[in-house]
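Two complexes, one shared chain (chain A), two partners (chain B, chain C).
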Partner chain A sequence: MRITCPFCGERELGEFTYLGDAKPARPAVDAGEDAVFDYVYLRDNVAGAMSEHWYHGGGCRAWLKVTRNTLTHEISVVEPAAGVGAAKVGA
Partner chain B sequence: MVGGPQTHRLSNGGLIDRSAPLSFRFDGKTFVGYQGDTLASALIANGVKLVGRSFKYHRPRGILTAGSEEPNALVELRTGARREPNTKATMAELYEGLEAASQNRWPSLRYDFMAVNQLFAPIFVAGFYYKTFMWPAKFWEAIYEPAIRRAAGLGRAAGIADPDHYDKAWAHCDVLIAGSGPAGLAAALAAGRSGARVILCEEDFALGGRLLSDGGTIDGLPAAEWISRTLAELAALPDVRIMTRTTLFGVYDGGTYGAIERVNDHLPSPPEHQVRQRLWRIVAKRCVVAAGSIERPIVFAGNDTPGVMMASAMRTYVTRYAATPAKRVALFTNNEDGWRTAETALGAGLQIAAVIDARAEVSPAHRSLASKGGFTVLNGSVSGVEGGKDGVKKISVSMTGGARAEVEADGLAVSGGWNPAVGLTSYHRGRPKWQDHIAAFVPDGAPPGMVAAGAANGAFGLGACLREGFAAGAAAASDAGRNGKAGTAPSADDEAYSLTPLWHVAGKGKAFVDYQHDVTASDVELAQREGFESVEHLKRYTTLGMATDQGKTSNIAGLAIMAAVSGKSIPETGTTIYRPPYVPVAIGAFAGHHRDETFHATRLTPSHHWAAEQGAIFVDTGLWKRAQWYPRAGEKDWLESVTREVKAVRGGVGFCDVSTLGKIDVHGPDAGTFLDRVYINSFSNLAVGKARYGLMLREDGLVYDDGTTSRLADDHYFLTTTTAKAGLVMQHLEFCRQVLFPELDVQLTSVSDQWAQFSVAGPKTRDLLKEIVDPAEDLSNEGFPFMGAREVALRGGLKARLFRISFSGEMAFEISVPARYGEALVRNLMQAGAPFGVTPYGTEALGVMRVEKGHVAGPELNGTTTAADLGLGKMMSTKKDFIGRVMAGREALVAPDRQVVVGIKPTDKARRLRSGAHIIPKGQTPGPDNDQGYVTSVCFSPTLDQWIGLGLVERGRERIGEIVHAHDPLRGEDYEVELCNPVFYDPDGGRQRG
Partner chain C sequence: MAEFSWEVRSPLERALVAGPYGARGDAGVSLTEIRNFDLVQVMARRGKAADMAGAAKARFGVAAPARPEAVQISDAALIWSGPDQFLVLSKGGKHAIEQLSQAFASSASLSDQSHARVLISISGAKVRAMLAKLSSIDLHPASFPIGAAAATSMDHTSVTLWRGNDRTDGQAVFNLLVFATFAESLWHTMLDSAAEYGVTIARSEELA
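Let's look at the complex of A and B:
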């Protein structure tokens, strides 16, 4: 598998580390235990396009948000994950 | 040169070098072949028909094919450590001195004792494992399985470490081509002319594919001339790379392909400093699969008799190798293409006994060939073969209309038609689709960027191969953005290819579908009767297609027979899933250089070379080698050395290389806020020039890592991690910084390799450091108090960092210098410390002192403990949010009966404590119900003069003084221990503050 890092270009899978679902955002400080529980444990298990966190540790050390089709491994979008997991104001 | 005459070699012709005779040995007998031969062709040239014994029934077997699809002719190639089992004789290039041995026979190939298995054939049917050897149950492991394994099998592994090297390499191209037959070469021409970067892989050592055996006329030139003209043009193109002896074996995501290059398999052993094989990962924008097709057998009784051979293989042996598998040949075909073998045989002066054609009609051209060659054409099918280990003798024919005929011949060429090689195109679960006019599956659903061309795509004519190959090459180049002029395609006529599908001829005797796994037509029929009708079940129940050849010659016939008996069509029956690798690949090739001492990268500490000079014993810690202890002359074991080191530190001064700790510079105006969020305790309120112990949780509330972090400036912290988690903590902090807290102005820099760091510990630490540090620096308790951290100048002016932190519990500093000064610092410490008896200590002494002080480490930070479990619950700030805060408050994580860190010591002071022992309350039966925890870390404490340890014990801290049992079923031990304060040494910490 090859991932096109927005900073480094197309690189081989071995340079990257997989984390998982990029959808959950860290709940705000006062969101309560249930919200944090969901954030920590509840993950979508998508058959199809899924947005995921990948870490380019063998390159620029950027965290990336990668849209990968879990059925075909086709990668359609790779973008910096800056702020992707940040608590939403008012959330 | 010894060896008899090559009785079955034609006097001229063939792509062999008669001026380069090569002697070789097969089963101890010496023969001679030529440069350009394979082991198979050389054996044929020497009249050898019997080359192996079959897997289950030990039936005599000969050579069936001339390629990588060979199921029968497997040998052990080479001897000693290089002995390689299950090597296809059809792929092994001949070299001077080659040694090969047949497999799965005893005492010899001709007189195989286990051939008696044939008498017991009825019990070896499909699924026999599950049926025959069921009772009594305990007999399976003790008797049945070992006996079956001895009797059934293939070659023997060398059993000795492989002496050769294997390499791994990457390559990148626009267009990757598999195969150098007419389609592959035409594709390379088109893509190369268009300006594409091309890599063409050919598994053979010669280029040309079927052209080498079947010839033909291309652009008015004989095939051989066209090949050399084409290769010359390709060589002149700027970026066309041709790799022979290289099989493309798999396709992976994102246009990555696996190929195995047999760099030096054609030599007795690789030349010095060269690898035996190279595993390639090729990244290609487009791939043209021109892998050709595989001729398929027809299943009939005795079809495994040595001398029965694929018709195309017979042409290859006669034309390419000038070797004649038989003197008097019969041909059994159901298609037009098979007749070419009759033409080839006649052209080579062989006698043709008969052509048995299963089709209703035979063309006038072939009728006239028959009359010219003086042989009969029988309209019917072969129903049986008489013969044995000496080869084919007589062939029974069932004539269309019911009559029977017999043909005397010493060889039988068989053609059941051709199957496109659909492996590569199907590896991403592409399901090949059925084409009626060729009665074969063709590629469908190939991975993105891949296309099949020529025979691999079901286009069998030479002209069609050239056209399709050229078009595919041009399109692939264009898709890859190369749009140069491809010019005109090479052209040739198309031969006729008509066939009447025929899979199985009824007859008496075993009719083999899968030669290598001894699966017969009746096994397939039995599987159907017993309900294993799905092809995936058929495969697993009968093991059809599961041998090392992956059923290249057998799968389609097997499912065709299944289709017939289950009353379905072949496409309805379907194919099994295709999986890589296309040919077996040695595990050594996948490992490459990653074996033995280069299995992984090795990281050496700055003091490594010095420590090695001292005779240090090293321990692997992740990738690191760390000095474990420094033995001295006269010390009888490690314990004596470690005890000495501990006493030297506690009584004087010692030092230890702690450079393996992860080190991260945290810069920026929000650095303190950032650390507040990742640690459970606060760092924004840490004064500049101070260090603090910090603990990180995972978001689920369990402890992640610990370490000391110092504030070197308002906006600069220096964070350390454990050795094990150095990389992971960096990754975690980058995640927090980039993904969770993008609003913070903070930067992280890994400086683990930039700093050499040593712990200098013991009451005489200041005396030693005064010799190292610039005298102007104040190291007194007032000038540099406990937990102080700042930059200092060393004597000579080098800037260093000094941290007054202590893991040993003694008065201690950690001193940090740029890594390149690490070794010099160690030598200075030794020299300056000599008057104080300075003692280097290793990780064992470090561990002893941390257990004595009750500090937690890896065995306690084990991913299941909370901060409170470790006795560090009070560090959790209630004034701020931090990673893991909410989840750490969950009911089970704050339950009062959790297992928490406690000290443990045997009541018998002479007793050795062992880690892993379970804690059982006194008077209770050992077992899971009464298991209250376990011993995590132990050491012999020289300070207390007994074994002590730490453990995780239910409500441990409330039970100080309680006597419990350490139960150790693994070592058969059970003894009394006392739960105690985990800080065994200097519990009020006076020594480290002094």
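Let's look at the complex of A and C:
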């Protein structure tokens, strides 16, 4: 499997580390225990296109958001994660 | 309090034995450690990428690398190392961290890496065959021309690799920065992969 890093170009899998589901968003401070429990522990087991975080630690050390099909390993989108480099988060 | 005397020693002090290595005859690979350089990591602060680019332009007269490339100016090289960051490689203190701090004071954070990296220059007729054993990067001249750079891994070790100007005899030169504590391990791996072509090992004080 290869991932095309938006900064470095196409690289082998060994340069990347898998983090996991990119969907969960940190709940608001007052969201309550159930929302936090859901955020920390509950994960979807997706069969199909899944949005994931990958870390290009063996290269440019950027966090990437990868859309990968868990059935075929086909990667359709690779984009920088929020706040990569000097980018402002949410800007 | 005890008196300490600090002596700067290359991480390859023990591992590097200058002279021929491996197969006899004309050496296909030349490995040269370059010592005593100034290396500064420049990383833009949050939201300051454009400011850093402007500061680099004002300080060096060229745009900071915004993609994987090494920009050579008369007395330094600016080497891309990741999004919104680059390395400044030079000799003689002119572009050392103290000299750069003012220029980037409001846009970037600087970190002195002069003694944290080992710089190895690799060339020779068999250089691409040797590097192909260690790297997954396509180093064909059409894909990796002079000035091309890559932040990548060799033997599971993070390295910064870029192609310098060709030698006077036309041979391509690949420069490699590796973390000091991983340098000896990678050095032995490089010797293993180069041995069949014959190696000339040297150390130098001159940037390629």
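What we mean here is this: the second predicted complex is superposed on the first by the 82 of 91 C-alpha atoms of A that agree within 3 Å, B and C clash if a C-alpha of one lies under 4 Å from a C-alpha of the other, contacts with A are read in each partner's own complex, and residues count from 1 in each chain.
Criterion: a residue touches a chain if its C-beta (ideal position, glycine included) is under 8 Å from a C-beta of that chain, and two chains touch if they have at least 3 such contacts.
Not measured: the values here are computed from a predicted model.
Contact with neither chain B nor chain C is seen for A:Val78 once the two complexes are overlaid on the shared chain. In the superposition on chain A, A:Arg11 makes contact with chain C only, while chain B stays out of contact range. In the superposition on chain A, A:Met1 makes contact with chain B only, not with chain C. With both structures placed on the common chain, the touch criterion links A:Val36 to chain B but leaves chain C unconnected.
Once the two complexes are overlaid on the shared chain, A:Cys60 sits against chain C while remaining clear of chain B. Of the two partner chains placed around the shared chain by superposition, chain B is the only one that A:Arg26 touches, whereas chain C remains out of contact. In the superposition on chain A, A:Ala86 makes contact with both chain B and chain C. Residues 12, 57, 61-62, 80, 84-87 of chain A lie at the contact with chain B in one complex and at the contact with chain C in the other. Partner chain A is touched in their complex by these residues of chain B: 170, 252-256, 283, 428, 448, 699-700, 727, 730-731, 734-735, 738-743, 881, 886-887, 889-890.
Residue ranges on chain A touching chain C, taken from their complex, read 7-9, 11-12, 14-15, 57-62, 80, 84-88, 91.
Only residues 43-49, 52, 67-68, 81-85, 136, 150-153, 156, 158 of chain C touch chain A when the two sit together in their complex.
Here chain A touches chain B in the complex through residues 1-2, 12-13, 17, 19, 26, 29, 32-33, 36-37, 39-41, 53, 55, 57, 61-63, 72-75, 80-87, going by the rule given at the top.
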